[in-house]
Amino acid sequence: MNNPYFDLLMWARGPGFDIALTILIGGLLLRVVEIVVLSRKKDLAKPKGSPVLQGLKTIFTRSVPRKGLIKEAPVTYIGGYIFHIGFAIAFLFLGAHIALIDDLIGIQWPEANKALIETAAALAVVALIALAWTRITNPVRRALTTFDDWLVWLLSILPLVTGYIAVNRIFGDGTLMMAIHMLSAEALMVAFPFTKLMHAVTFAMARYYNGSIQGRKGAES
Amino acid sequence: MTATLERGLNALREQIDAPVASFFTSCVSCGLCAEACIFYKETGDPELTPIHKLDLMRRVWSNEYTLFGRAKSMLGMGHKITEGDLTKWERLVYDSCTMCGRCTLVCPVGNDIAMMIRKMREGMSSSGHAPAELVGAAERHSDYGSPMGKLHTMLAAKIKAAEKETGIPIEMDKAGVDYLVLLSAQEIVEYSDVLPALARIFKKAGVTWTISNEGFEATNVGVQIGNRDIARNLVSMVVGAAEKLGVKGIISPECGHAYQALRWEGPNLIGRSYDFEVVHIIELLDRLAAQGKLKTKGKDHTRLTFHDPCQINRRGGINKEPRRLLDMVADNFIETEDAGTMNWCCGGGGGVGANDRAADLRFKAFNRKKRQFEGVGAEKVVTMCAYCHHTLDEQLELHNMDSIETQGLTEMIGEYLDDEA
Amino acid sequence: MADQPMLPELMKAHGISRRSFLKYCATLTSAMALPPMLAPKIAHALESARRPSVIWLSFQECTGCTESITRSYAPTIEDLIFNAISLDYHHTLQAASGHAAEAARKQAMEANWGEYLVVVDGSIPTKNEGYSCIAGISNVEMLKETAEGAAAIVAVGTCAAYGGIPHADPNPTGAVAVGDIVTDKPIINVPGCPPIPIVMTSVLAHFLTFGLPELDDLGRPKAFYGETIHDRCYRRPFYDKGKFAESFDDEGAKQGWCLYKLGCKGPTTRSVCATVKWNDGTSFPIQSGHPCLGCTEPDFWDNGGFYKPLSTPAGDYRKFAAAAVAGGAALGVAGGAIGRANKARAARAHETVDAHDLEKKS
């Protein structure tokens, strides 16, 4: 006799994870290498500033919004920050996740307590709902929205919700919910190379290019 | 030869490189670029969202520059570009974008949207979708040396007038001088007071200069319309003149896109670095002031503010120089909100000012400047781009604000130049 | 069977007071998650129950389950309850062996046809009947034969319930669970490696008093397998606070922190270990510093390693990751090269224009 829930969990930990990891790493590398190989022409204009340094600097400084912009789109900005920070805390500081990262790359750091992680996750979920709301109500965001945006939204909220349910045994079998949580994260991994989730990696390239173009001219970025 | 859809698509293909690929890959469709765009903010039209203006180029990138997109195209799922798309996008790429680059600075993932608009215009122009006025200007510039036609006679007259006014001889086509001075057609036709100002400032500073009959026009319709072949020809005229005269440098005058064309795009258009320097006039004046070669006396007491030209400040990096110079000659200088790097565009740059179809958009966009000027109670607006200057004059009049005086910064420095010291 | 003593007499013989018997009944009641008012009923039922005949079959097993049920403080009440049944066949415990033992089994079956209880520990080999035989009778044959006249079967231990360790990959004997062979009789699974003694006796007590207990999807009595060990673990607060032992001898281990990172299967394991505990309520594995192995769950031997945290991948993902790095990079270079070729083709197709070529001329 088998426990179908545990079998699902083992599939998620075994073949499911292998498939997701393979697609994630392979697809991600494919897309990044594809961009790098495309390359750009050497800029022949004599630089006024330092393109390289400013490019590198912009990777970080662009995380801070321009003065006055937050009030123009408060939900997008604040919701965006809360989601990203909340998701990062929930992902990076739960003991089970640290054990996973440790297993993958052999590094670890201290865990946070459940109250903090759940607050972060809950805030991230609220932020996602607010962001979805503006996607529907804000004309600019509505016009830009494609299937990709909703898919990514769903794939981002699912691990947060299923993780919360699994840890707190809100409903369903604990083993089943843990399996579903893992599968939802694996869905996110699989979708990563094919969707705008790629920004989580290529933002650094885009910011670097932006900074280097501006930096060559001695302009701010 | 005639413009065709296929040539337009081909031109777009040529424009896609790693930065463009990284930008499209990174876009999360957050819509924050719209919050930075003067045309969206003043019209509320979501069609004018900056990143949306690039959708056709995004399709080319996706269909032809990504393996996944190629696979999708093969399955017939690629979104093809039609003639109708190009017609629709004219309004987005030319009429409602001055390539001011505010979007480029707010994009959270760092997409240089303005740079991509410049690239997208390559495809638009090659497919016959550039505004008629810009095409006409390009033809005149190519045929007669200036977007406003043949200005050689008028230039000669203005030089003569300046010589008369200042008593300083201005020698045309003089080899071996320090700088080749370029002018924008707008300055020759409308704001020629800059010439006597330059003559006096340079005489005082001991700078030698000349103007070339073969290449005096600083502007570059090729850069505005988005056509590198034309842009290359136009920039080559100037580079040829500078090299022939053996000058140490070219002075880019008070003109936004001219500075972009000469200083930043030029070497890449002709495929080699320059042996001479290209310096913006305000950069040079600031340098001369720092060296003690530029001294002023007296101050303007009017409540004045400064309008930053996008291509010179935000996209050109000249920010502190005009402010240092203004502090020398004005004691009631007040900055508007967002002044400096994030200044709002006048709404006339990037060819929008020449485009009749965009007149209404331009008018609406200027409401932003209007509120800003009213907000600080400005009596005078100083700028360092003749085309901004022109747009300010036009729009202040249309908005019944023509009590506000406008002036070019070079001219203003000339006005307060200490001729005695 | 009439000649066999009833429970009150046995208690007297063992020097057990009625008071401690009632206390035991209360314990059973609570262990079975029944309302406390049922305790007297259980006492009465046990006292008046006819001792049913029990046939205990041991197949591919380690005798751990029998050890667990018998090796306890003597004389325990569990032991006593066991005496309350008529264990007519148990080849580890009985004195007789070989054909004599088998004759006893046959006799017990005949005498109690349709009423006797079969207890099984150990899994049943199916690849080759010769892998495990008793008196020349293969396990499959003996199980089928014995089950035929049984009222119910209790599969004691994970081997009997789910195949257990013999069933572990690569399962050389083709070991299967009782439920895989017998499909027409009620089967109560009491998994565990071994099960907790009181759980075994409680299940028997329940069967004697109320009949079949309520079972979960895996055939386990819900009363004993309803909650996970993690739910009831005294170290749970450390899990919630994010305090984990990282190795068996670190400060966290000494402080008694959560063993999740050492591979504890508590969150996915249903058992009452954390509350009922072992050795007369003395301790249970987590309390003595070792992560739960998940022994009450099917396939626990193959569930990704005892010392691997539940949240870590169980497969050999590194070889996939390495292949993905190579494959992704190669595809990326190919994709980039196709892009560059496309761009070069566009550059070749580029016809230099001048300002007079910007209009569509028809």
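Think of it as A, B and C in the order they're written, each chain with its own count starting at 1.
In the analysis below, a contact is a pair of C-beta atoms (placed from the backbone, for glycine too) under 8 Å apart; a residue touches a chain by one contact, two chains touch by 3 or more.
Computed from a predicted model, the values in this text were never measured in an experiment.
Undergrad: Of the chain pairs B-C and A-C, which one is connected by the greater count of C-beta contacts?
TA: Counting C-beta pairs in contact, A-C comes out ahead.
Undergrad: Specify the chain with the shortest distance from its C-alpha centroid to the centroid of every protein C-alpha atom present.
TA: The chain sitting closest to the overall C-alpha centre is A.
Undergrad: Taking each chain's centre as the mean of its CA atoms, how far is subunit A from subunit B in angstrom?
TA: So the centroids are 38 Å from each other.
Undergrad: When the centre of a chain is set as the mean of its C-alpha atoms, what distance in Å lies between subunit B and subunit C?
TA: Using C-alpha averages as centres, the distance is 77 Å.
Undergrad: Using the average of all C-alpha atoms in each chain as its centre, how far is it in Å between subunit A and subunit C?
TA: 39
Undergrad: Enumerate the residues of subunit C that touch no fewer than two other chains.
TA: Within subunit C, the residues that touch at least two other chains are 331, 335, 339, 343.
Undergrad: Can you pull out the residues of subunit B that are in contact with at least two other chains?
TA: 16-17, 21, 65-67
Undergrad: Two-or-more-chain contact residues of subunit A, please, as numbers and ranges.
TA: 30-31, 34-36, 38-39
Undergrad: Which subunit A residues qualify as touching subunit B in the complex?
TA: Within the complex, subunit A touches subunit B at residues 30-31, 34-36, 38-41, 43-46, 48-49, 58-59, 62-63, 65-69, 72-73, 76-77, 80, 138-146, 149, 193-194, 196, 198-199, 202-203, 205-211, 213-214, 216-221.
Undergrad: Given the complex with subunit C, which residues does subunit B contribute to the contact?
TA: Residues in contact with subunit C: 1-4, 7, 10-11, 13-14, 16-17, 21, 64-67, 70, 125-126, 128, 130, 135, 138-139, 141-143, 221-222, 225, 227, 229-230, 233.
Undergrad: Show me the residue ranges of subunit C that touch subunit A in the complex, using the header's touch definition.
TA: For this pair, the touching residues of subunit C are 161-163, 177, 179-180, 189, 218-219, 228, 230-231, 239-244, 246, 258, 260-261, 267-268, 297-299, 303-304, 308-317, 320-321, 323-325, 327-329, 331-333, 335-337, 339-340, 343.
Undergrad: Provide the residue numbers of subunit A that touch subunit C in the complex, in ascending order.
TA: For this pair, the touching residues of subunit A are 1-3, 6-7, 9-10, 13-15, 17-19, 21-39, 93-97, 99-100, 103-104, 108, 110-115, 117, 169, 174-175, 178, 182.
Undergrad: Inside the complex, what are the residues of subunit B that reach subunit A?
TA: 16-19, 21-23, 25-32, 34-36, 40, 44, 46-47, 49, 51-52, 65-68, 104-112, 115, 263-268, 271-274, 277, 313-319, 337-338, 341-342
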